[in-house]
Amino acid sequence: MIVILNPNIEDNSKEFKETVDYLQQLPNIEIKMHEVLGSEQKLTEIYLLGDTHKLDQEVIEALDAVDRVVRISQEYRILGRHADEKRASGFTYNGVEFSQESCHVFAGLCAVDTPEHVEIMMKALETHGQICTRMGAYKPRTNPYSFQGHGKACLPWVFELAGKYGIKVIAMEITHENHIEEIDNALESTGQPTGVMLQIGTRNTQNFELLKAIGRQRTYPVLFKRGYGVTLNESLNAAEYLASEGTSNVIFCLRGMKSAAGSPHRNMVDFAQVPIIKRLTRMPVCVDPSHSVGSREKSSDEVLDVVHASAQGIVAGANMVLVDFHPEPPTALVDGPQALLMDELPRFLDDMAACRDFYHKRLEIWRRPGN
Amino acid sequence: MIVILNPNIEDNSKEFKETVDYLQQLPNIEIKMHEVLGSEQKLTEIYLLGDTHKLDQEVIEALDAVDRVVRISQEYRILGRHADEKRASGFTYNGVEFSQESCHVFAGLCAVDTPEHVEIMMKALETHGQICTRMGAYKPRTNPYSFQGHGKACLPWVFELAGKYGIKVIAMEITHENHIEEIDNALESTGQPTGVMLQIGTRNTQNFELLKAIGRQRTYPVLFKRGYGVTLNESLNAAEYLASEGTSNVIFCLRGMKSAAGSPHRNMVDFAQVPIIKRLTRMPVCVDPSHSVGSREKSSDEVLDVVHASAQGIVAGANMVLVDFHPEPPTALVDGPQALLMDELPRFLDDMAACRDFYHKRLEIWRRPGN
Amino acid sequence: MIVILNPNIEDNSKEFKETVDYLQQLPNIEIKMHEVLGSEQKLTEIYLLGDTHKLDQEVIEALDAVDRVVRISQEYRILGRHADEKRASGFTYNGVEFSQESCHVFAGLCAVDTPEHVEIMMKALETHGQICTRMGAYKPRTNPYSFQGHGKACLPWVFELAGKYGIKVIAMEITHENHIEEIDNALESTGQPTGVMLQIGTRNTQNFELLKAIGRQRTYPVLFKRGYGVTLNESLNAAEYLASEGTSNVIFCLRGMKSAAGSPHRNMVDFAQVPIIKRLTRMPVCVDPSHSVGSREKSSDEVLDVVHASAQGIVAGANMVLVDFHPEPPTALVDGPQALLMDELPRFLDDMAACRDFYHKRLEIWRRPGN
Amino acid sequence: MIVILNPNIEDNSKEFKETVDYLQQLPNIEIKMHEVLGSEQKLTEIYLLGDTHKLDQEVIEALDAVDRVVRISQEYRILGRHADEKRASGFTYNGVEFSQESCHVFAGLCAVDTPEHVEIMMKALETHGQICTRMGAYKPRTNPYSFQGHGKACLPWVFELAGKYGIKVIAMEITHENHIEEIDNALESTGQPTGVMLQIGTRNTQNFELLKAIGRQRTYPVLFKRGYGVTLNESLNAAEYLASEGTSNVIFCLRGMKSAAGSPHRNMVDFAQVPIIKRLTRMPVCVDPSHSVGSREKSSDEVLDVVHASAQGIVAGANMVLVDFHPEPPTALVDGPQALLMDELPRFLDDMAACRDFYHKRLEIWRRPGN
């Protein structure tokens, strides 16, 4: 059961305290507080866990600080959509809004290699009006003897270059809770020139300890990648680990599934599931066409499969695209063969912007009444 | 090796006969003739099978009737794209053109039930300018005790209604070679009021005897559905069985794959593979969103997942959409829960038309030079 | 609902007629008769289909010819085990008994090639006391340009050689209903020297028209291979097509599933499902280790994976093993790399016999009371 | 390249130092030292990483301390079998030997619940001569609101009970590197009454940071579970992370794969891959029938599927079985429905012992020469 308090209520107000006191004395009920910071208001949600089926919803709704109460199903308690359509959705981070209504492209390097490449990438993004990017510093690799990323050593100069070119949010995978502190330190030492979105990779989708550790911080939003070998339900439950610890600023990312059925693509592209995530949860949905498709093959229409997959995500309502670019793919340390080229960036951005416009046009068609 | 003759060459011309005579005497080489009837010309292709690696391509190209010669890889000899981009693609059937450049919606009933429902459907299609439909008479069912379709009994009145409402092509699954003759007879007895596209279902993708039997007829084009439990390569090889027997008027249909990864959709939607089929083969590509998604669930944007999946197919270049409608889904004998409603038809058609236009707009973006 | 008549009842007896008359006049009920020929008795089962939930079981059990009545679930009506453990199981063909209590090895050639190889194989089988084999005449191949089997041309000499070496049952895949007649003719022309078990391959598991055609004949028992890309439930439903048309002498064969999870084996071995088939149905269960494993790789204990997989099937209660041998694998036309060698035959047979004995020893352990 | 030194060589001997000095000065080569402690000797292996293809094997073999040199392929450098069959395999921990030649049953509680249940279990194990068990203290759960295990709180009394009943090794999953220290502390505070084998669960198979942390400790051996949604090759590469950090005392555990093909079993049982692991690597192989099968369903022969799966593992050469028991399954906090009952323990142990004997009998058959 979720008890949604009146917007912008003060923690030290009388009605707040009375409400919390009442809820805390309920037998066999544990309570968890969540604050949702929107761009215009602060919302406080209190989760009641335990024997909630015995509670009287009307009694709780009558408490002074309470706006309304939502009964929730067992699954995805916090991130789930449940019955109440009016619940706050999305969040603002470093001035950038993320919700099921927004759309952002995160083009960038799969793996940070040299300052020159990072600068070429960021400069091009600025030239084309972009304020988000992806930059991999910590790279989990299937083979222990492969390159594992430059790690914390590269963070300061990556962040400084981001600041120089006006980048507001860098999506960056982390694989250990210590990396949060390393990012904290690097941002602080460089004067907070940019922001970071913590990315959880597909190999760590069910690394619940990492999820709990990330869930305990409130600084950074999270880009959560679906597990490539588990069901969607299992991945959504795993995302809920973040929320259960306190971080509900989570974007859910589709990135393709392991399956012989996907060949010759590297993974089986799963972007038809964008509408499912939006139906079941309040999370914005990201698609990662680069890791799904995994090559630079083209259709007979001369457009890359990676680009077609991106378009498929956006026209069905995706809110974010994570895509690999590289100034010199043959020298890339990780996943070079799937990277788009710098001279494809403006066309890619134009295509995605057109897709987003077209998605809105499609919504207009469907908002017409039936004949 | 494919020997492509000069366009519109006459079978009884001297150069034709000399060329064929020469090819026939080649040692350890079997030859197969294929005629490709386009709307404006007739193309004759001669397939050389066997020890072709020893043949001298230049000698054969010097023959009088020969336009050019294409060396082919082992796989998808006839349907494959191979190196020569200029080879004829697509076909015209009953006045309707199908190719990698065309786009058609086949909306209709998954299973024919009553004349009333069929008439409602066809009338609505005519009202909205459609000349193609789907109508299932023979239904292969997982459980032997389920309804198996009305079979040949319904063909005459279905065809007559099609003629009445100007339908040119009905996609109709067949599961036994005898059904071809039943369709022949019903069309003849009713005065050829419409045309039929023979559909091969996913359970028969590797029913090679059925494929060979259908391949031996030249009257009807074929809509070949991918196998839902085999690789794409295996499905493409199976389609080639049709061509190897003589029918290369084949449309390849993506219809979702069996996988726990697709849940809660009925199957794992595979429309990101549209570009692959167009790259590897010359077949037009169809998508079947109804059987892929298998439900009427909606996204938070109030658009059905089935519709989003359809849009994803078209914006990536699909040439055909096969989609279930029903006037009264609760009374449908097969797959009612996934059918679109009649009052959704105009919006669906508008959406698909807009998607096709948008696909062309996307191609324009990508035909710009890189900066 | 299944009405089981008294054993060995005569079709022209008064109580038989009265019972059938009574059942035929039940409203909204269709009846189907099945005879089960065991080695010692004839059992007649009458299937009541339709609105059976309204029938009074006691009234029917009171009919003179009726032994007892079993209510059945919707699925696998005829082949299923349902509640009644005492129902007849298994069958005898050409003097060989097949049931959930028997165990046979069918070693032989995946594809018939030369009379010399067939004779070497059959002679070796006779030497080692075997009366069953596998011999593929019709070979469905993924690629239409691959060798498709010698077909009916080889049947007479294969059957004669079988007769010469005392083979009672040859498992032989058929892919078209016409092949039944071709086998009929070849057996007749050669004087019925042997028997044939019709094998349905994994690509035809859901070729329902073929299943119905085979189901309509009563001469040959059927070896039904599971579909390698559909669920077990779907494969069991497909087997029921045979029974619904009249052939319940069916052996269900596990042969591995398509899955990246199975690699480096050719398919994902599924022999842990032997107990499932025996629990859900009355069919004997076969395992096909050759097509599951698909190679001659060995463990560090120097035993072939194919052999270990075979043992795994038998010690868990499998009733039949279908296994490829070849006198000269490098010259085999199909699947040579997975074939066992002739000099491995005696050890393979000894291993399988020991596995069967050991399975019985395991049953003894488990028939002890708990401590 | 692996440089294997003379057995029992002293680290401070002259030849040892000279050999290491020589190897360290090789250009573009990194060296890693591994000690393998067998029950009778200590083996030192030095791994040369980098540009090893330029090295002269004979020159290195001529060094005084060197026994021999093995060139290795890229994959599974340390755990892999490679060309040299004579390399040491297996290890001894707390007096118990684990290798590709040993066989142990680890019966126990999936999740520790009460001291009463743990004591019943351990006492029964002692009664039946067992010295190993499984006991889950840290439980990673799909749903964040499910019971997560008693964690470190239960360790002291679990270890004491183990000591009381003569248990030498407890397999126990850990999900965070801190758990190692918690186990250290609990063992120390209770006087080291038993030993622990650290288990890595299927959700953490590719949690490379956890693997590296565990790899850095040398105290405990590791039971590494295959990832249920990745390929075998990927799981083997992940196990190599342990070895690359220093822990090569690793047992590889098959535990079933996520797949619709496995239904109605919880996972698709993968025990036909026992021979593959033994061929590709030197790791002992464990099977986990409880999580693979996931139910207490029985075959028509009245033996549980879980038991048949266990037998299938052992007769194909598995070296360990991890199996859930529970004194009162309905009260178990995790996975009760799949647990075996206490009164099934003696029969289970007898069955497994018989399977192991039978495996050796099978090896004898196959060590006979071919006829």
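Residue numbering begins at 1 within each chain, and the chains themselves are lettered A, B, C and D in the order written.
Simple rule for what comes next: a residue touches a chain if its C-beta (ideal position, glycine included) is under 8 Å from a C-beta of that chain, and two chains touch if they have at least 3 such contacts.
On a predicted model such as this, the values are computed, not experimentally measured, just so you know.
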{"item": "Most widely separated chain from chain D, with each centre as the mean of CA atoms", "value": "B"}
{"item": "Chain pair with more C-beta contacts, B-C versus A-C", "value": "B-C"}
{"item": "Equivalent of A-D within the choices B-C, B-D or A-B, defined by over half of its residue contact pairs recurring", "value": "B-C"}
{"item": "Geometric centre distance via CA averages, chain C-chain A, whole Å", "value": "52"}
{"item": "Distance from the mean Cα position of chain D to that of chain C, given in whole angstrom", "value": "39"}
{"item": "Centroid distance [mean C-alpha coordinates] between chain C and chain B, Å", "value": "36"}
{"item": "Of all residues in chain A, the ones touching two or more other chains", "value": "231, 258-260"}
{"item": "Topology of the chain contact graph, where touching chains are joined (line, ring, star, complete, other)", "value": "complete"}
{"item": "Chain A-touching residues of chain B, taken from the complex the two chains share", "value": "81, 100, 231-233, 257, 259-265, 268-276, 278-279, 292-293, 297-303, 305, 307-309, 311-312, 315-317, 341, 343-347, 350-351, 354-355, 358, 361-363, 365-368, 370-371"}
{"item": "Residues of chain B touching chain C in the complex", "value": "49, 74-75, 77, 140-145, 175-176, 203-204, 206-210, 227-231, 234, 237-238, 240-241, 244, 258"}
{"item": "Touch list for chain C against partner chain A, complex", "value": "258-260"}
